[in-house]
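In what follows, chain A forms one complex with chain B and a second complex with chain C.
So, the complex of A and B:
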């Protein structure tokens, strides 16, 4: 290898297809139609009776009937999150006008994130195990609940044999998956399906999330998840996410695909150990992503906030944003206030939303929150804000100290 | 390509047969098996009742009572192994830039033991459909999301760079190391504490593998129950364990005078896009992963001195894999020793890929290839040199280690002596 100055620019990676599934809209069209006008979809849990629990609200996907999208043989072997993910992958490929049959099998891969696997499937089999005995456990349990299931099933359904993977970093993992997809595309795989769908809304998943101590116990659906608000008291969990078609930009142009935009920058950090007194890592993640994208603060047109809804975490995030962009220096939004936090599905959905915002020139609103003015955020509230959006910063954090940031940029 | 290369400078292993890398290598190099009748719970209702268990006391291994309380066993194994790896590498905390230090931990099934036990309690033995949150441990969320494993390791080693769990089923332990290598090569990190862990020996795991007859029913002879490549093989033996490495940018490692076990020279993962648990007998996708990994390592197939096989001991795997080796290595597949340490330490799902990388690095270190224990009756369909029964002295400069898992994942990784390759 020579030692000359051969630093060629890294290949661009673009998003050419979006498959979104969210509580306020299933399918990209319905999701964006609802989100751009701020339609809330948080309500009392219907999947099970939440009465015994201190938290009773969720963002549930309604109007998704798996049998309409998948062959019947797949139904007994899949958790809800896998069914939605398979459908979302189909929608993303259709949106990208990418027919897997027209690619070499090794030229396509699948890289998803998961936070907790097929938890409802696991719950049902655990119940059979402990109430009826081990002989009653499903033959599908060995793979239907584990974290790799969505990547595996999507690759099988679409005949994708290229580099595949699964990353788990709680609610930041969705961005880490997109970054890993970009990495593999840059190494030579032209197309990767990436993103995440999570759906752990079942009693067992509920109890596990309650143990995390961050679920809001507020009863009013419009006041339960209010990040940056003085009354913030946790979040409402939701289900869904997004699967994206990501491609090498040149290859996408060659096949005549339309690109929503480029995954231009990424950074990931981890917070110092509790009690160390060192600074949390979110700001560094954002700075790394912006440096990676080669964008200065004044080029960022909107920030999609992590919006934890926990006062201390909200304060940290607000300080990062005002520190990077100045007080009220950049529009900030958190459309997840309409639907709750979708585990690892949230951040890929935010990336999809950012790309749709770029396409339409419209920043979708943050709903329900009345932010503390002292935080210094220009939060886009209640109404969508028309704006020329070319570059967006998406932030995501996970339990334990995971921080990830992505910069997306519209194509010219 | 940046030209940055990646070295293994520290190894920590907590595997069946003994805690620590020394005990692990002692077991392998003597060809002893650590498979036995399950002792940690009453397994009498199950079809397969053997496993490779670790006699592991977390406090004796240096964890505090509070760490023990909050961590699932898999996390405990990972943290103990990570500490051994860092100590072995000779790195001190003061040497590390936290921002340039990452963690990647592989795990196929996360906190299975913790979840199984907690579900039993909150459902009151399966009676309650609306499980009772008032009986849940405070740490249940950390079992819910296995990302907690990498968080624990990051705290233990002071990492503040990229931190994640890689979970690709039974190739997780290879893919986690492969991911770490990519992070160092691209310049995102200079040091990554990488490896994998799983502690799946629990009723729910036994039940799900019983249901598909993936595990062996050879309950009457636990010590020889794991029989990769043997004609009498009839399923794998579940195991548990962890292996964690310190991976460093090679130049920095050499400058500080670190002991370099091996360079991780090439890595690739492919999918069979065929079936969640089934394998086509031709091994084409694993062969492709091997081909790409060797190519990345710039290693000719004929230079592979030892193949550390997946060798799970199921009928279909060992046939699939033998075909893949022939396809990828050609005639050389018949000349190079191939062995499966799962014959001794069982199959610890996501962890085993890293444990096998540890075995591969130690084979290079000591010039000894670990055997395939219990291989006494050859299978005409598995006709390579599997190093039966007894370890073999064999100069090993280049190792290929592979894995195959549910979901269709096929991964390959190449270790080589850094001084043997021209940069």
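So, the complex of A and C:
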């Protein structure tokens, strides 16, 4: 850990609104009510018949009817991930009591992350192309599949014309997007909607994830995704994520907004080439984030783990955590064990969860896992743990070598 | 000469099917001379609509149909002209 870091006078960036959508709860209230008590939502895939595939479990969002949330003009032109993202953006703005009409259009931006774009929309149109011909392909395919489409549609719906874009770095991207939002706010844009929603549970999305080689083929929903467990054998994919309203802290105070907490630190690294023998980049990402936040190890109250569910990656992450905080030196949790890994939606949801944990003073549990005691982690298991939480470290790794870390801190 | 007539009702049905309808616009009202933009349809919605018309009626519309015909009346006339030409 670097010591003697001086915190510069960079403007504080706070989260003032949360829109969460997850397999165990749609909407922030329902999500937190389920997560704080460890409600699992992993089950057999229902969105298509998974029988012919080696992996058959997922964390699916149920009870989201797009027509209840969106005008009919948007339905023919949106993938499932975009529909959920538009609703989550609405919830986040409502939660923040931020009316876009009260801002100048150029004072608001949208920066999301995406792992895959609109897989299901793209699959349907490609099927029409090859089975019926090009005349049958929707004109909306031109953008509905695209990585940046969630940012674009949120921007159009809310009249946000400030700095906008998309970050693509798999699961780490969810944190990279929040960091990019913070950068743009510090450059002068008062409000940015950020985070990510991914929803790749369709046959095309499924085979793409299978090709990554990390999906669990275990059939028991309570044993399929068990990070840090000796039986860990990959992960279960899920859908959802979170959209956050991020604002310049001073501007937020001026308009009377309340803040969940501050995005206090960020670090990102890339792993060395495989076989180089050099240390993976996760530890350095965490160190950079803590240095950026100006927090020492003993100030971190909880770590939200990436929790890959792959033995080698779990070992690397456990070594990073015990290396920074000592053996059993900090509470660690992975609520994603309830819902699966949500691609780039996972880390913004973990940030939201960390902020809700700070608010309530309760660390949500890690479910299903019986961790290897040799890893030296103080994993919060089965039951939530009441705790005074002010500072949380959130870790995320993306396939292909991406490592990102964020420190969030409660406002006083 | 048997004519397959394309009406404004056909147009609004296909518009709604392919691109939805703006909740603030009454498509059953007097819209014949209202610009598509005011009815809530941008060029991509009209491109999608033209594609659906082509498939349903077995005709081919010119590439500039979307840009040249800015109102339901103009669009209906363009489609009928094409239908007449192909009979």
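Quick note on the criterion: the second predicted complex is superposed on the first by the 404 of 412 C-alpha atoms of A that agree within 3 Å, B and C clash if a C-alpha of one lies under 4 Å from a C-alpha of the other, contacts with A are read in each partner's own complex, and residues count from 1 in each chain.
Going forward, a residue touches a chain if its C-beta (ideal position, glycine included) is under 8 Å from a C-beta of that chain, and two chains touch if they have at least 3 such contacts.
Everything numeric here is computed off the predicted structure, so don't read it as measured data.
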Which superposed partner A:210 touches (first chain B, second chain C, both, neither): first
Which of chain B and chain C A:298 touches, first, second, both or neither: neither
Partner chain in contact with A:142 - chain B first, chain C second, else both or neither: both
Touching partner for A:219 - first (chain B), second (chain C), both, neither: neither
Chain B versus chain C as contact partner of A:398, first or second or both or neither: first
Which superposed partner A:71 touches (first chain B, second chain C, both, neither): second
Footprint overlap on chain A, where chain B in one structure and chain C in the other make contact: 77, 135, 138-139, 142
Residues of chain B touching chain A in the complex: 1, 3, 45-46, 98-99, 103, 108-110, 115-116, 119-120, 122-123, 125-127, 129-133, 136-148, 150-151, 154-155, 158-169, 172, 175, 179, 182, 186, 203-204, 206-212, 214, 268-277, 285, 288, 405-409, 423
Chain C partner contacts - residues on chain A that touch it in the complex: 71-77, 135-136, 138-140, 142
Chain A residues within the chain B interface of the complex: 1, 48-49, 52-54, 77, 105-106, 109-110, 114-117, 119, 122-123, 125-135, 137-139, 141-143, 146-149, 151-153, 155-156, 158-170, 173, 176, 180, 183, 200, 203-213, 268-274, 278, 281, 284, 398-402
Residues on chain C engaged by chain A in the complex (per definition of touch): 16, 18-23, 40, 44-45, 47-48, 51, 54-55
